[in-house]
Each structure stands twice: as C-alpha cells, then as structure tokens.
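One chain, subunit A, links the two complexes that follow: it is found with subunit B in the first and with subunit C in the second.
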Partner chain A sequence: MSKMSAISPTQLFAMIILFELGTALVVPIGLGAGTNAWLSILLAMPGGIILYILIVYFDKQYPTLILSGYIRKIVGAYIGWPISLLYLVFFIYNSARNLREAGDLLITSSYDQTPVVFIHAVMISAVIYVIHKGIKVLFRVGEIYILIMLSLGIISNIAVIFSGAIDIRNLLPILGEGWISTIRNAYPNIFMFPFGELICFTTILTHLKQKKIARKTGILAIIASTILLSMTHAIEVAVIGAGVYNRTTFPLFTVITTVELAEYLQRLDSFVILALIIGVFFKMTIYAYAASAIAADIFSFQEQRKLAYPVGVIIFLVSVLSAWSFPEHNNEGATVVNIVLPVLVAILVLLLFIHLIKKRFMTDRTI
Partner chain B sequence: MKTSRPFIFLMLFSLLFLPGCWNSRELRDLAIVSGIGIDKVPDSNEYRVSLQIVNPNAVAGSKAGGGGQGMLPSIVYSSVDHTLFSAMRKTSQKVPRRLFYAHSQLFIIGETLAKEGINELFDMYERSHELRLNTSVVISRGIEAEALLNVLPPLQTTSAVAITNGLKVASDTWARSLDKDITDIVKSLSGSGEPIISGVRVVGDPNKGKKRSNLEQTPPLANLEVKGIAIFTDGKLTDWLEGKAARGAVWALNNMKSTIVNMNCDDKKEKISIEVIRSTTKLRTVMRNGKPVFLIQVKEEGNLSEALCPINPDKREVMVKLQKQLADETKKEIELAIKTTQQKKSDVFGFSTEMERTHPKEWKKMKKNWPVIYSQSEVEISVEAYIRRTGLRIKSYLKSGDG
Partner chain C sequence: MMFSKNLYRNKKKIHQKTGDESGRGAKLFLSPVLADNLAHIQNELGNSPDIIVKLFEIGTSRTQAGAVYVDGITDKNMVNQYILHSLMLETHAGVSLEQDQNVLAFINANALTLGEVIVLKDWDSVILSVLSGNTVIFFESTEEALSGNTKGGEQRSITESSTEVVIRGPKDGFTESIGTNVSLVRRRIKSSNIRLEPFKIGLVTQTNVAIMYIQGTVEDSLVQEIRIRLQNIRIEALAGSEHLEELIQDQRMTPFPTIMNSERPDTATGYILDGRIAIFVDGTPFCLIAPATFFMYFKSVEDYYQRPEAAVIIQLLRYAALIISLFGPSIYIAAITFHQEMIPTPLLLSLAAQRESVPFPAFLEALMMEFAFEILREAGIRMPRAIGQAVSIVGALVLGQAAVEAGIVSSAMVIVVALTGISSFSTPSYNMALAIRLIRFGMMAAAALLGFYGIAIFSIFLIGHLCGLASLGVPYMSLSPYVPEDQRDTLFGQPLMTNASNPELTANSNRHVTNGEDAPSSSDSPLNHLNGSGSE
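Up next is the complex of A and B:
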C-alpha cells in the first residue's frame, strides 16, 4: 500500500502548512487572548513540535501501521479497538465541524440566500472525490494550492500594509495580563487548536517516501505555519483592535473589508473567502481521510477508497445536524478544544509510556 | 469503472448549484443606496431611516449629455420602525427595486437623535456583511438627516457623494473636521473613550434645495457645508467644537494633513499665513504621584505662503520667531480643544486606550471613574514647529514703512 501512495517531503511540508492554517487563519483563536494572541501562538508552537515528534516516533516504531494499528499492538486488540473507534468518531466529527464552520462563515459573509445544505454538499462532494482518488492525489493538489494560498496571503497582506490600516499600538499592552494568562491561552487552547489536530497525521506518515527527513520537514512546516498564523493574527488585531477582534466571528473578513488602497483597490473579500474555502477543504479532507483510513483498518475493509462515500455522507449529515446555531457550534468547539482533544493527545502520550515500558520489559526478558 | 457511476451523478447534480445563481442579482433590478440618514421620531422610540437612492438613468444620461433630462439624479425614501434594519427593509414597499447597500458611503445622524444618544446605532453595521464598516459618519446640524439627503448638490450627483467627498477634502486641507468611519466610532463606543463626529449643515433654504431649480442658478439656493466637530458625553452629543478648537482636536488626534494658520505680524493681527504641510502627534500617558498625566507631542512643518506685511525671512531671527509663533498657536488651539472636552468629561482623544495599553494595572482601578479622572487630569502639550521654505520668493515686495 505504501508503495502505491508515496508522499514526497515537499508535499508533506505543503500539507502541514495548509492543515495548520486551515480554519485557524480565519477564526479568532485562543478564546479571547486579544492583544497577545500572536504571542500565545508562538508559545504554543513547542507543544505542537513535541506532539509531532511523538507522532513521528510512533511511525518509526511501527513503519507499516497507522494509528489504529499500533494502538492495538501496544494495548492489545480488546482495549485498542474501542480506543481506535474513539479516534475514528472524533476525526469524523471534527471534519464535520470544519465543514460547518466554512458553511456558516460563507453564509454570513456572502452567500446569505444559499441554504447551508447546498454549500456543504458542494464542498463534501469535492472531498469525497479526492479521497476516492487516493492520498497521493490529495497531496499533489496540496502542493499546488499552497502556492495559491501563499499568493493570496502575500497580496492581501501587501494591500493591508499599504492601506495604512495597521496601528501597531493596538497590540499594546504586551503581556498586560502577565505571562501566566498568555501561557494559559497557549496551553491548552492554542496548543490543541490548531496544533493538537496534527494527530490526524498518525494515519498519513506511513505513506511517506523518504521517512528519514519526515521529522525535519514536519518541524519546519510547523514553524513556518506558526509564523504565518502569528503574523496574521497580529495584523488582524493591529487593524481592528482587540475589542472587535474578540467579538467578531470572522476577523480576517472584517480586516479585509477595512482595506481601501488608493480608493480603487478594495473589496478584497473574495480573497479571504478563497482562503477560507481552500484551508477548510484541506483540513476536512485530511480529517476525512484519517477517518476512512482508521475505519478501513479496524473493520478490516479491503478497499479504503470506497469508504469515501459513507464517511463523506456521515460528515455531511453531522455537519448539518451537530449544532442548531453558530454560537452553539462555537461552544461545542470550546468543549472540543478543552476536553476532547486533550484527552486524545493524552492517550497518545500514555501509549508512548506503555510502549516504552513494554519495550524495556521485552528486551529485559530476551536478555 | 463501476464506482464512477454514482460519482458522475454527483458531479452532474452539483452542476445545478455550482454556477452560483443562488445569490444572483441583476444590476437593473437593484436600487443602489448612496447614503443612509437616521432621525429620531419625536415622542416615540422609533427611528426614521432615510435612504438616498441613485437614479442610474439620470446619472448616465447627464454624462452622455442628454437622455436623462427631467429626471432627478437621486431620490430619498424614508420609513419608520423600531429598529434601523427593519426600517430599511420596510422601504422596499416604496422602492420598485431591490435595495443594494454595498455602495453606500455615508451615514448621517440627525442632531436631535445624536443629543439623545448614538450608542445603539451601529450594531447593524457590525453584523451585516453588505454594509461597509468604512462608511463615513457625519451629524446633520440643525436639520434632520433626511433633509440633508434631500438637498440636490451642484458639482456632484448626490448629496451623499458631495458630503463624503467634501468631508474628505475639507479634513485634508482645512483640518477643522474629521473623516471618521463606523469602525472608529464603534471602537470608541465599546471602549472608555467617546466618539467624535463632524457636522454638516445646509447653507440656504433646505426646502428650495430639494428642487431641481437649485441647480439652475449660481450661487445655489441651498448648499452643503462641513462645519464643526461634535463631542459626546456618554454617547450623547453635548457640545460642538468650532473653528480653532476643532482644529486643535484634529491636531491632537493626529489627523492633521494640511491647514492654514494665520499669525500676527507685529501689530497687524493675523496677517501672516503659514501652510502646515505635515504634522504628527503622539499621545502618551505617564503616572505622576498616582495620577495620570497626558502628554501631547506635536511635530509639524509649514511653509510661509502669504505675508501681508514687510517681513524679511532672510534674517534667522525672523524665521525662528515665525516658528515659535506657529508652535504657540498650535499649542493654544490644542489647549482649547482639551479644555472643552474636559469640561464635558468627554475623552475623545483616546487617552483611555493609551492608559490601558501602557499602564494596564493602574487602568483597572481608574476604569470605572474614567470620565471624572479625565476631566481633572493634567495635560502637557509640547510642539516642535519648523518653517523651512518661503515659496518662490524670500523677501516680500512690500516696502517696510519705517525701514
């Protein structure tokens, strides 16, 4: 399988950036971190890197297995199977969350007459298509879209900077609430969203072509995406101020609407909408792929591609049914970030300990 | 190939909605709103919302030199309701086209309404994706916002365009007004500061300004004028800054682009004109003996552009004296603005934000009582003025009377 679908380091690099930027670029992150959001993002980065190293370590120990495979190797099939199921459910749910976020933001920002169901249907059909085509195609698409995403970012940033809308003093006071609150915004909030979400890559690393540089590539990608995220959120706060930033549902959109360059370059809204659609597409596709991979593994299903349909349909239904309103959707997000994701990350850490103890124990016995 | 059948179906199905026709609106079915005016309905808690709608036929016709004869370039419709958004939508009953707000560039608040409070007016703007947050805001002085929209202005197609452009030009070159948008106002309303909004009034008879005949004579019977800056206390209009005080406020807010300062020439009053060409202002706060002290630091540069008396800028002392005069005049005007706002307990300059940024701990204690603290605080103004050029001549052709 891994020979069929080999991913190059460049593709991995591009995909991690797209995945990390995903929705984190457009929604306010850090639950009210305000002026210090950018600092909290930087502080959360080491956590993300450590988590990634952990994922790579597991992949090194079990090069042919994905998450659900080595969970069962480590704790046995009887405990491992339900735990894998837990990850499967979470991946499906979070893919649906991303879809819902995109749908709601698209409707509030521009498609006010279109029913949410149709926007979701269009997006999910693209996701189903790409998963059906296989992971190789997905990563190749990612390689192309990272360039589009970066050019959108560069043009928008230049427009924002030259429009003179940035007031650096909006970022003051730095550490007004002290280090502790800044760190508490980073852990667990920003550490979990978007860095904790990297647990999806437990199902992907096994397809890598050059495993030796997987760690280096991933860490570089995490650093690059952290810098981009931190910069974007700093610019957002510098333009609209912490007050508006904390109240808005879609800060990047609000920022871009204030841009007016020489009275003719304005309404760059479509750039932000594009960034939202591209980011969400890759993020939810990775989630959906991870879900289908785990499903294929734990249910011993031979053709993983075919799972694209059921997984896609479930994601579609969950995305519409999971919350009745956008505020409720956001509150659910807080639960995900504060409880669910930390538990899933903690399970990984626990697995590491069990694995290490077992390894020690086994080697002792062999000697 | 078996699997591709449902897939083909899916793709064909998405064709139904992919073309993006769901939100489609044809230009000929749209009524383009150029300006929005809000008034209070007397003795009730309802708003009158007036929408100025551009008549595309008349506008296109006038450019082509014919065609639109007899048509007015804009029409004002108004409706009354409890909320602004509802009143705007209610107007659809009267307008034969779909209202389209993305090009609306002006938001006018009636003076009577402003005196009762403007706190709640902007929620709609923040939530909506169609209304632009960089819409300019003005207050209609001594007249209803609706009446201001009704005036047919010379040289521009609609009064909303005339006011928006006029405000921009006046603020940039005369500096006795401020071009503030919705974002600025929401920022001050949601923080501890107060908003500051320019006024616009009608010169002449507003009733005659409604008619086409207004455009058929010069000077027009009614014209629009940007005048004065409104200051607010607790979201209610309490005073107007005029003339030099208004310019002082523009200076303190770091909005000074260019202006003309008249200064005394020995015993002749205000007979030397300096054109200020650039100016930057820094607001800082420091704590002294547990009390906040506000620092305003201005750095400006000007040219000598007119002297109605024989001065000799060749001499260094003359130039130094002019610089000092300019600095003193700037300082005086800023003091004037500060004094008025302190009397009204209205922190329009954003000292509260500055406190929050630089003294977060002290700010927490002062937050509740800020308007009073602001009114009693000490303000230190320092101005650095430079006059570097005197235009195409150095000496004046005027002969000095006494040598």
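Up next is the complex of A and C:
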C-alpha cells in the first residue's frame, strides 16, 4: 500500500450515503416520533451538515492528522490520549451494536435454527477481510454496493407503491403535536442517530484525493441520504401506521411483508434483509476502520491493517456479550444515543473552541 | 598443425564459456580462418544433420566463403536465390574485388540482394542468428560474418480464429509466428507513433517477445512498468503467452485473469488504440493485452460490428448471464433450504412434489449435477470429434432424463444446472468463464451454509477481492475509480464513441489532439493519406 491511499469524491459520496442509510433505514428512528418521523429527519439534517462542516474544518486545519492526532495537538498528549481512547472504545462498541442488530434481524426473519455466534462470526470475517485490504479497497467496494443498494431501493419502492398498501392518511395530521415535539425528536435523537455517527469520518477525510470539494461532496451526500431516509420512513408510516411503526422492531421488514403484486411478487423480505446486511456491513466496517485507525495512532502501531484482526475479534465478542436480549440491547442503545454520543459530539465542539482560542492567542503573540 | 592449435584454443574458450554461466564476461570472437569458423559452429551445434554448411567461392574473385543455415526454419528459395546464387554467379564482372579491399563491405554493398543484412563479430550472436533461421556467411581471412534474414519454412497460414468467433467482422486470426502477428496489427494501424519493442525471454528458448503500443496514447508509466517486468524475468524456458501472463501478472493468488488475451488482430488493434499494450510471444497465437479490467472480459469484438442498439442489449444480456452463472444454483439452494417462504406457493408446491422422491439435500443434489456437467464439458473439449454424439447422448439422456426419472435429482435442478451451464458459455473469454465456474462452487457452499445471508457475505468477499486486484497497477474494477469517459465504452459499446467506431481513420488524429504534446501536421493523419491516394 502506498503511503497515502487516495479516495475519490464519488467514493466518499457513496460511502456517506451507505453509512447514513445503514441501519437507520431498517430500525425505527427518533424514538417515538411516529407520524412526523420523516419531518424530524429533515429537521435534523442541518445539524448533521454543521457537524460535517466541523469535521471538514478540523481536517483542513490538520490535513495529515486523524481525530486522535489533532486531539493531542489541541489539548496536549496527557489529556488527549484518554479522550482518544474514549472515541476508540465508542467506535468499537457501536460497531458491535450494528452487528448485533443485523444478527437479531436475521435470526428473527429466517435463521432461527442458526446459532447467533455463527452469524456474527461470518459477518465480522468479511469486515476483517475488507479492512485488511485497506481503505482504498473498502471505498471501491462501497462504490459498487451503492448501485446495488439503490437498485434494491428502487425495486422495493416501486413494489410498495404499486401494491397499493400506502395510505397517506396515516401520515396525517402533519405536525399534529406541534413543532415542539417534532423538533425535540430531531434534536438530539435523530441528530445523534444517524447524523452524529458521522464523527467516524474524522479518521477518513485525511485520505481524500481532492480535499477542496470534500465539503461540497459530503454535504450533497448528507442531503441525498436524508431525503432517502425521510422518504423511506414516510412510506413505512404510511403503510403500517404510526402505532405499529413505533412498536415493531424492524418497521421496514414489516412493511415489505405487506407487499403483494400480481400473485407472484409476494416476498421481498430478502430485499430488506439484503439492504440491512449491506448497510450494516458498511457501517460496521467504517466504525471498525475508525477504531483501528485511532488504535494505530494512539498506540503508535505501524501496520494499521494488521489491527483489523484484534479490532474485529473485540467487536465480535462485544456484539455477542454486551446484552443478553434484544430489549436490553435497545435500552443500551437509548443510553448511547442520549448520553454517550452527545458527549462525544460535544467534545468535538469543545475542541473547536479550544482550537480557535489557541489560534487567536498564538496569532496575537506572534503579532 | 595450426588448425589443431586453433581448435584447441577455441575449445578452451568454450569451456570457459560454459563455466561462466552468464556468458557476458568473456565474449568469444570469430577466427580469421574460414575452416576454423565452420568447424567451430558445427561443433557448437553438436554436428546436427539439419545444420547445412556450404562452402563456395565468391564470383570470380576466388575468395573462399561458407554459408551456414538450419534446414527447416529457413526459406530455401531465399537462401538459394539471394545468397548462394547472387554470391556465386551474379557478382558483377565489372566490379572486381581488389586485394586490399574489405571483403565484407564489398559483398554487402554489391553482392547480397537481401533487405536485412547485419554484421556479426562474436559467436553468441552468430549462433543465435543461425538458430533463429538466418543464414550466416563466413569469409576467408575475415574476422566478421554476415547474417542475412532468410527466416521461413513451414508455418500455419492465417486462418479464422477458432476461440473467438464473430458473425460479422474480419476473419483473420493470429498465427504462431510473431512476425505475422505483428504485421496483422500493423496493417490496421498506419500510424507513425506505433512502437514495437523486442525482448528475448528464456535463457534456453530465447523466445521472441514484442510489445506494441501507440506512443502518446498509452501512459508512459505503463510501458515502463511492463518493460521492467519483462526484463526481470529470469527463466530457462518460456512456453507461451499463457506462461508469460503468469510471470508478469500483478497478483498470484486469484482465480481471475488479470491480463487479457486475444486471438483476433482486430481485438488487439482496438485495445492498442484504446491506450493499452499488446504483448506478442513467438509460438503462440494469443497475444496478451494489459492493463485489463474486469469488464473487458465481457466485451466481444462483435459488439463493434453490430448496430449499437443491439450491441447494448446483447452486452446487458451477457451481464445477466454472468449473474445467472455465478448465482443460479446458489439462489436455488438458498431458496429451497432456507427461504421456502419466498417462493410463490404454486411454484413451491410443484417444487415440493418434484423433490418428494429425491433423497438428497438440495446442496448435494446441485453439487452432483454441477459435477456431472463439468465432467461432460471437460470430456467435450478433450474427446476426439468422432465420439461427440455418444457424449451428448450420455449427457442429455442418462444424466438428465434418467436421473430425474430414477428420483436421484429433481427436474428443477436439471433446469437450473443447464441454465447455469449455458450462461457460462456466453462469457466471451474462456479464462474468465473458468474463474466464474470455480467461484460458483464457493457460492453454492455459502448458500448451503447460510442461505441468502451466506450469498451476500460471500459476494462482499468476492467484490472486496476484485476491488483489491490490479493489472499493471491499474485497478481491475474499472467502474471504480469512476471515470465517466471510460465507462461509456463499458456500458454502451464502442459505436457511441465516434472517434473509436472507425479506428483506422480518425482515432489517431483525435488522440493526438487530446494528447496535446505533439499534435501532428495535418498531412501526417492517416485520413489524409487515404484521401490522397484516392484522388490520385
């Protein structure tokens, strides 16, 4: 592998969409947003864009460093190291969460006879393989899978629309509970998941080929994924109603089972499962990559690619051992989205202030 | 006395030479004594009966000379007419050889009516020259020899390619002779920028290898890369282009071919005009083309000879066939084993009825049928043509119908396997089809273990592997990094690109303009040449 692996803007675009759609496409987001979930998603988008701009700003200030590198530059090695470790642990934990979600959907849908450990092990082996091949390969794979993902989406959407299952009345009343509750759903819930998860890209932007258009590409990708996500959730609510949407574990899966077209096209479940596998794979892999990048940086490990094995094994163990049941897993999820992720985003904002103050202070002194 | 002494000295030097493996340290030069030289070359070549040594006198000058050539690889007519005849009889009476004049220069200028004559001084080049089919002429009291190109002998004539068949298009195919192959391409590209670089590979075989490209169209770094790879080959014998492919490929551990090959000169021409490099190997009717991408293997030159609309549809069909041949049996296995609920009920009922009497799980059933089909296919290639019918009877009746009736396999499985087999034939490139065949079995195993989930994960592995491949350092999956101009050809076939639809006429001049470095004067363009000759 060359010294600097380069990622093209198209690849970044594809990867951000895959990452954002990931699990958010399948699970209910915004904890009880219900009828107005789609609106909350749109409202949360500006927050996501601002967060992304912040990430790009850091990358512009420290073009050769990843997150853990500039944390140490900003607050010094002694405070920076534990903070980096916090991010590392979070990335590994969240990767494991994604794996767990995919594993549980697979088990509930059609693998009730297969041990969950085996399903997780197979997925993590694919993650390890791709990370070991390097970030360049990962992004190339993403570029191909975005096409597959989009075609799955187009086919499923057409099927849902033509099956006549959509009942627009389910989406009414718009803003039935007023702006306040819709916005409160957007911030912090939806802003944190899936947009807050963009903090992973703090370890990736260094590898970009044309950094000048990184910001534009990323923002476009965020807008595109928001529209797709909002549309999907609107369709979900329109088909199964807000009540079922909030209660079911995987609303998209429930939606697709209602599709019946011309007697023959009855079972598109596999499409949802495929979309979930693809989405989870990329989300996990990005998290695992971010974890291995930070680990390589803070432990000064030369060969980052070899860290794919230990990071993968840890993710695997955490995914199996972290929660005994899916409800327990969901409760942990609420904690993560409500507490841990906000803290991590807040640290980033705090770092920005420290950085700006330092910059001001330094320039003052030089003058 | 003197003779034997000389011989002795030579022998000693030969020993030295064989002791010194590289042979570069001590170069052995010719002796001024003619008999000595002739004896040496016969000795060196083991007194082989097909080494012909002819002693004669040049014209009227009475200068002794000896011609040496190998029977069978030289064109006898040329040797007789242009060398022996012209030297012995037709040396101009008017121009007589002065005593002090250099024999060699005189002969070269006045007597040899051959186009390609070179002067040789050392034994290594003399031996190589003789073994390559040239005629080497030694002269009395001269320490140099002349080598005239008389390569010839029996060769296969240019016939239609048997591996890449087209309905419409040129019918010529490459042959075993590197000279013929190069000329077939040269005839199609009349550009002054075309470059041909020769290499000799194999310490024993000394096989001629040549790379051909268009300067300015191809990236210089690629040419440099291939030069380095060819020069770094240290090998005793080069068996053919497939052997060379193995020696210069980027990755060893992959079932996919990363260097393209073709038996058709029009295909090679197209890729050379595209900015790729063709590698010819003497003795092989397949030229190599590098760098290759995955999608190149699903294009046939036929696509350029048919109307673009049809070509696009046919190409899409080929990709569909690729997907069937890769995923066909595994999707069937996954659906039957894990996801019965996905199959529409009427179909499921009929499948269940068929499978009622089948004692094996779907995976085993599929494996058996695929295995039988692979055996049939292999037998079909290797068997003598006369027993072809027997194989098809055994294949179609015994393995198909009878197996179903005996309740060993279900008829649905026969359909799946047959469809898969036919689909895999639609891949234009045989070695890509081979790779797909191999991977299909992995995919089937993954489907048997984990159903669609297994297929999905195996596909991630597969695409990850493909994305990690490179050909001459160029990414194998050309879809990524995405370059829109490159993709038009992948999806829509060449005809949409006006500059490529008629390569001989326009492509070169266009390339130059885009290249910008040495834009040709308009008279250089082949188009003008054609127009000019037309008006005359």
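The rule we apply is simple: the second predicted complex is superposed on the first by the 363 of 367 C-alpha atoms of A that agree within 3 Å, B and C clash if a C-alpha of one lies under 4 Å from a C-alpha of the other, contacts with A are read in each partner's own complex, and residues count from 1 in each chain.
Heads up, the rule we're going with is that a contact is a pair of C-beta atoms (placed from the backbone, for glycine too) under 8 Å apart; a residue touches a chain by one contact, two chains touch by 3 or more.
All values derive from a computational prediction rather than experimental measurement.
Asks: Taking the superposition as given, does A:K73 touch the first partner, subunit B, the second, subunit C, both, or neither?
Replies: In the superposition, A:K73 touches no partner, neither subunit B nor subunit C.
Asks: Which partner does A:H329 reach: the first (subunit B), the second (subunit C), both, or neither?
Replies: neither
Asks: Between subunit B (first) and subunit C (second), which does A:Y111 come into contact with in this model arrangement: first, second, both, or neither?
Replies: both
Asks: Contact-wise, after the overlay, does A:K211 reach subunit B, subunit C, both or neither (first, second, both, neither)?
Replies: Neither partner.
Asks: Contacts for A:E177 in the overlay, against subunit B (first) and subunit C (second): which applies, first, second, both or neither?
Replies: Only subunit B is touched by A:E177; subunit C is not.
Asks: Kindly classify A:I240 by the partners it touches after superposition: subunit B alone (first), subunit C alone (second), both, or neither?
Replies: first
Asks: Answer with first, second, both or neither: which of subunit B and subunit C does A:V122 touch in the superposed model?
Replies: A:V122: touches subunit B and subunit C.
Asks: Check subunit A for residues that touch subunit B in one structure and subunit C in the other, and list them.
Replies: Dual-contact residues (subunit A): 110-111, 114, 118, 122, 125, 129.
Asks: Can you check the complex and tell me which residues of subunit C touch subunit A?
Replies: 338-339, 341-344, 450-454, 456-457, 460-461, 463-464, 467-468, 475, 477, 479-482
Asks: Which residues of subunit A touch subunit B in their complex?
Replies: So the residues of subunit A in touch with subunit B come to 108-114, 118, 121-122, 125, 128-129, 132, 169, 172-173, 176-177, 240-241, 243-244, 247-248, 253-254, 257-258, 260, 305-306, 309.
Asks: Taking the touch rule as given, give the residues of subunit A at its contact with subunit C in the complex, in rising order.
Replies: 8, 10-11, 106, 110-111, 114, 118-119, 122-123, 125-126, 129-130, 133-134, 137-141, 143-145, 263-264, 266-267, 269-270, 273-274, 277-278, 281
Asks: Can you check the complex and tell me which residues of subunit B touch subunit A?
Replies: Listed in rising order, the residues are 3, 6-7, 10-11, 14, 17-18, 22-23, 126, 129, 132-134, 183, 186-187, 190-191, 356-358, 360.
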